[in-house]
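The following pair of complexes shares a single chain, chain A, combined with chain B in the former and chain C in the latter.
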Partner chain A sequence: MRFIYPDYEISRNLSRCIVCRACERQCSNDAHGYDEDTEKMFAIDENCVNCHRCVSICPTRALKIVKTDNTFRENNNWKVDIIKDIYRQAESGGVLLSSMGNSKDYPIYFDKLLINASQVTNPSIDPLREPMETRVFLGKKPQAIERGPDGSLLDNAPPQLELDVPVMFSAMSYGSISYTAHECLARASQKLGIYYNTGEGGLHEDFYQYGANTIVQVASGRFGVHTNYLNAGAAVEIKMGQGAKPGIGGHLPGAKTVGDISRTRMIPIGSDAISPAPHHDIYSIEDLRQLVYSLKEATDYKKPVIVKIAAVHNVAAIASGIARSGADIVAIDGFRGGTGAAPSRILNNVGIPIELALASVDQRLRDEGIRNEVSVVVGGSVRSSSDIVKAIALGADAVYIATSALIAIGCHLCRSCHQGRCNWGIATQRPDLVRRLNPEIGFQRLVNLITAWKHEIKEMLGGMGINSIEALRGNRLMLRGIGLNENELRILGVKHAGE
Partner chain B sequence: MKRIYVNEKWCLACHLCEYYCAYANSGQKDMVKALQGVRINPRIQIEEDGGVSFAVSCRHCDEPLCLKGCITGALSLDDGVIKVDEKKCVGCYTCILSCPYGAIMPSASGSAVQKCELCLENSAGEPACVKGCPNRAIVYEERV
Partner chain C sequence: MRGAIKKELREGNVRIPSGCAISGIFSKIGKRFNGNDIIKSIATMHDRSNGLGGGFAAYGIYPEYRELFALHIFYDDFRAKENAEAFIKEWFDIEDMSEIATRKTPLITDEPIIWRYFVKPAAARMKESGLDEMDYAARHIIHVNSEIQGAYVFSSGKNMGAFKAVGFPEDVGDFYKLEEYEGHCWIAHGRYPTNTPGWWGGAHPFAMLNCAVVHNGEISSYDANRRYIEMFGYKCDLLTDTEVITYIIDYLHRKLGLSLEETAAVMAAPFWSEIDRMPEEKKRKFTYLRNAFSSLLVTGPFSILVGFENGMMALGDRLKLRSMVVAEKGDLFYAASEECAIRVIEPDIEGVWAPGAGEAVIVMSNGGNV
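On to the complex of A and B.
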């Protein structure tokens, strides 16, 4: 006997269904079937993950997925999800897994911040008529201007990343996402003048051509790391932590370690790729400094080194240590950041919101006089151009996006990546599913998204009377909180609306 | 001359091209009305075997064997497009036998043949299979 009733029901409008069977052919979860005798389609609700592949592909709009109205007796303490989780664990005896980000009902501070606009005294700027700068440079900034004997300015800037828009695609490994998804990200980065991140699965040899727009990651498993890899990218990122699962490493099941993935990761076919929770050679900031400089040595001091951490309780002090470790950029990943697979309890209960982490890190670095030592990049559910504007006003140099990027290329947030059967060809390695994502389409959708966001950022900057994104950074007077308590306002460093 | 080309790398074998073809040639304005309860007889067909699939429709050959074999002059090459005149076709099926791609088939009546005419003659105005393909596995473009 199964205790769990399906979460979703497939609703088929029989007056519109033409029995083309596209839903059946496209569902990798076998939630649709065709009955030869009655010549009708049928549905198996318990297989449905609500990914909307069938809904989107149905040529007559005959399908929709509805949340079941089958109900337990109302209980504010024992909510439906809690009861079902207990049933699941009582059946399996295992750790619950889920994917993508923390979906629980915690405050979203971006939605409690409001952006300023100019009226009368400081005129707003029309970006369609006047130049507006969205370019940013990421990396350590020089302490002082240096001049040569003839008085000319010397270029004493350490290596920098140059971004046309303050957005980068954050780390998603080849393995966690498909070859075609990586191709979309790589090509879009090149077209947009930004960067994407390999994640910890190495870099497929086909994508070395996009190296100038690639950040190569070194994580605790060191999968796919070698000299050519390090030098193929524009920057090297040390992954210390991930917002979705602070304190634990990644785990790519052996079933996904197939073909090119095994070669790219430099591990045997079929072996589980388990990244240790810590880097076993890093137990202090001094140890981190050694890795930072090892990587700089390996790349001839020509590439900035990023250190990525999850936003945890003591994030400001950790970021301060990173700024002193020689790293050029610190990337902070908030608790809503995505993942291809993580234990649900960690996903939903560990870490802190990126808005609070960012504000406290920026303030701490400024207080200590070392803000110029590192650029700050934040990720963990940056959902729109207004989230970007707010992040930059809170002190970020740029943002990392991943979930938004995947949504742009088809992800419908069914949060089933860990099952490896992504119907949209993103979080899967099954060849028949991978080819559902034609990079020609996906790449253009990413370019469209970031181009649209760039327009919107310019509009918002112009509204504030600012013509350069650099002039917004850390400009918290451009923000006001709404519905926030004094502690929250103090940490965010913003006044309440009306003040 | 623009032609329909297929790229099997991106074909999902969803068979929607067949349904869009049948709809475009149905003369109806509503897909449900056109296709519900109908066993379709499309002019484009998916071939699939062992994980490989692609759509096959008329190649509009420069030297068409079908046209050479036609005994009544029902088939014609008009500005690069091979068209069939159902009024002239007597249903001898010589063209079906001679087409190396299997891209000509009997029409629903059985007394004539049908083939892809690039949706130039029907209400779609542009190839409906190309427009409806969810993964751009069928394209309509100029190639040298």
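On to the complex of A and C.
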């Protein structure tokens, strides 16, 4: 007996199907089959993760995936997902796993913020006719000026990252995503004048050539961390937490620790790569300072150090502590941030929205007079150029994107990364699947996406009468809330629409 | 009650976009002249104001008290005056004080109580504070403005003074009897706010210690600039562009020690496309300034005139979205929103020119340093 009816059904239009069996060959989840007797295709709905690989590949558009109309008795308290989760756990006795970000129906504050535009009293600016600047620098700013003997200004700025547009690809480890996916990100970053982040799996030796556009990550497992690695990138990021799973570590199953992944991570083939929940050399803020300076020593004080944390309740005080710890950049990951695998309960219930975290961190750093001590980078579901504009107006220096980048190269958000059978060649290490991702096309699509967003950012800036994105940073008067209560408006530091 | 205006409509409670006229005259040899010329100049641009604000700042007008801070204060009532004076006496030694002489005119109404004080920091207090004279004065002036209800210090420099009111600038000049003051540097402002602030403190110039600014425009970077500069002890109470611009100049120039030219390179920075083409050394400098002080970049339309004890700076935004022309004749330097405002006082002047976008025109007294 099977308690769980599949969520999705594969709908095949038999009048269109030419029985080419492409769907069957393409599906790594074995959701399609061919019946020799009837000479017809059949579907196994329970295997389908709704990744749209078959839908996209079907030459006659014979396939679509539909939500099942099989239903339980309606109940506002015991919703379908809750009932099914109980069935699953009653069967398996295990922790439920999910991938990508929090998909529950929490408020999305980006969608409740509106952007301003100029009318009459000051002119809007046409980015096709006037320069419109999106270049930013990330890093600590000098606290005082210094002059040489001839009176000229000395460049006393600590190391900085220079971005052509304030977007970076955030951490996704080699292991959690494929070699080819990393290649797409690395090449696109170089082309776009931005940075991608290695995640915690080390840096494949083939990609050292993109070091000038690479942020190397040091996480609690310290996989693949060595001197050359630290010095290969443009900046070093200490991963303290991740928005998708604040407070817990990571687990790359042994099955994914194959070939170059084992070599890059510097662990034996087939061994589980377990990142502890905390860094075991960091039990407090003073310990963090020691790691920050260890990494600065190791890189000769030439590279900014980023500290990445998950957006949790006390995020403003934590970020303030990080700003005083010597870190150059603080990265905050909201509760909608993606992951290759996380316990579902944590994914859906821990952490806070990035918009609120960002607003409170930016304000706290200003209240303490230390906003200059760190740049603030935010991620955790930045979905579009307007989200970026809103994030920067709330106070961010730049944003991290990952889910959007994966969608650009083919991810269909089936949220099954943890199964390792990604039909799009992204979140898998199976060579036959990885081959499906064409690095040339993936690279180009990432370049296209960020280029398109850059155009849109310029249009919005021009509309506001701003010609450099620096003048938008923290410019909260350019935002108004819609449908937000007093507390939300106060935390976001914006007025309501109409005020 | 004098100066009655609904509190919620005052500057500081709402942000009011304004258009404007500005004008300035500066003698490079420090020759003093009375306020008639500057009134004539700003009056010519009558249509650029709408009667809701006008004002002047003059340098060199109090030579007998050149070492003292001259505080010009608006009071809503005598209680505010008592409170403010008690505070001032606590922190400063008052050498002289009097009501500022004004001329009754039907065109200027609802005037507050307007007093002038010549003060110096109380020596022991200042020593205790560990601050220098300027920082000490600034801190306590900011305190009066933000904490003492109904009192507003609208001018606080040495040997200089601001004079402003709700009205057309020429009527404001008449009201304050500016023909009786002699200065070597004058700047003036006529205001065109989009709604009725009606509060005298909201008129321009905005003056902070020795720096007075008149501004025409509406900057789009306002809140980015405000939230940044407030980290350094400034409080933007008025929510006006001029206020935040004055604080930016005070911070960069006086506190950090950037030159005026460097200050202008932060506020109206060259575009990256231009910086990238500069020779290496220059490129390094401009990149440094833009990066280090990126939150003090001012965008959107503005043209400003900044008065100092020994000079004047004219600066326009990086796209030249507001008009401004400058000219020189003999030892005199002129700047104004429109050429007519210069020609009306110097008809034969030659070589009137419009500074480029983001170009700072800085004139100093002979031998003076920027």
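As a working rule, the second predicted complex is superposed on the first by the 499 of 499 C-alpha atoms of A that agree within 3 Å, B and C clash if a C-alpha of one lies under 4 Å from a C-alpha of the other, contacts with A are read in each partner's own complex, and residues count from 1 in each chain.
As a working rule, a contact is a pair of C-beta atoms (placed from the backbone, for glycine too) under 8 Å apart; a residue touches a chain by one contact, two chains touch by 3 or more.
None of these values were measured; they are calculated from a predicted model.
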For this session: Identify which of chain B and chain C touches the larger number of residues of chain A.
Result: C
For this session: Identify the partner contact of A:Arg16: answer first if only chain B is touched, second if only chain C is, both if each is, neither if none is.
Result: first
Exercise. So, A:Ile57: does it touch chain B (first), chain C (second), both, or neither?
Worked result: first
For this session: Using the superposition on chain A described above, determine whether A:Gly369 touches chain B (first), chain C (second), both, or neither.
Result: second
For this session: Kindly classify A:Leu472 by the partners it touches after superposition: chain B alone (first), chain C alone (second), both, or neither?
Result: second
For this session: Name the contact category of A:Pro431: first (chain B only), second (chain C only), both, or neither.
Result: first
For this session: Mind working out whether A:Glu440 is in touch with chain B, chain C, both or neither, as first, second, both or neither?
Result: first
For this session: Give one of first, second, both or neither to describe whether A:Pro123 is in contact with chain B, with chain C, with both, or with none.
Result: second
For this session: Considering only touches as defined above, state whether A:Gln26 meets chain B (first), chain C (second), both or neither.
Result: first
Seminar exercise, completed: Shared chain A footprint, chain B vs chain C, residue numbers none
Problem set entry | Residue ranges of chain A in contact with chain C within the complex | 118, 121-123, 125, 130-131, 133, 135-137, 141-142, 144-145, 152-153, 155, 157, 160, 366, 369, 371-372, 395, 464-468, 470-478
Problem set entry | Residue numbers on chain C that touch chain A, as the complex places them | 15, 17-19, 194, 217-225, 227-228, 230-232, 256-258, 262, 269, 271-273, 281, 284-285, 288-295, 297-301, 318-319, 321
Problem set entry | For the chain B and chain A complex, residues of the former touching the latter | 9-16, 19-20, 31-32, 35-36, 38, 51, 132, 134-137
Problem set entry | chain B-facing residues of chain A, complex | 15-18, 20-22, 25-26, 56-57, 59-60, 431-432, 435-436, 438, 440-441
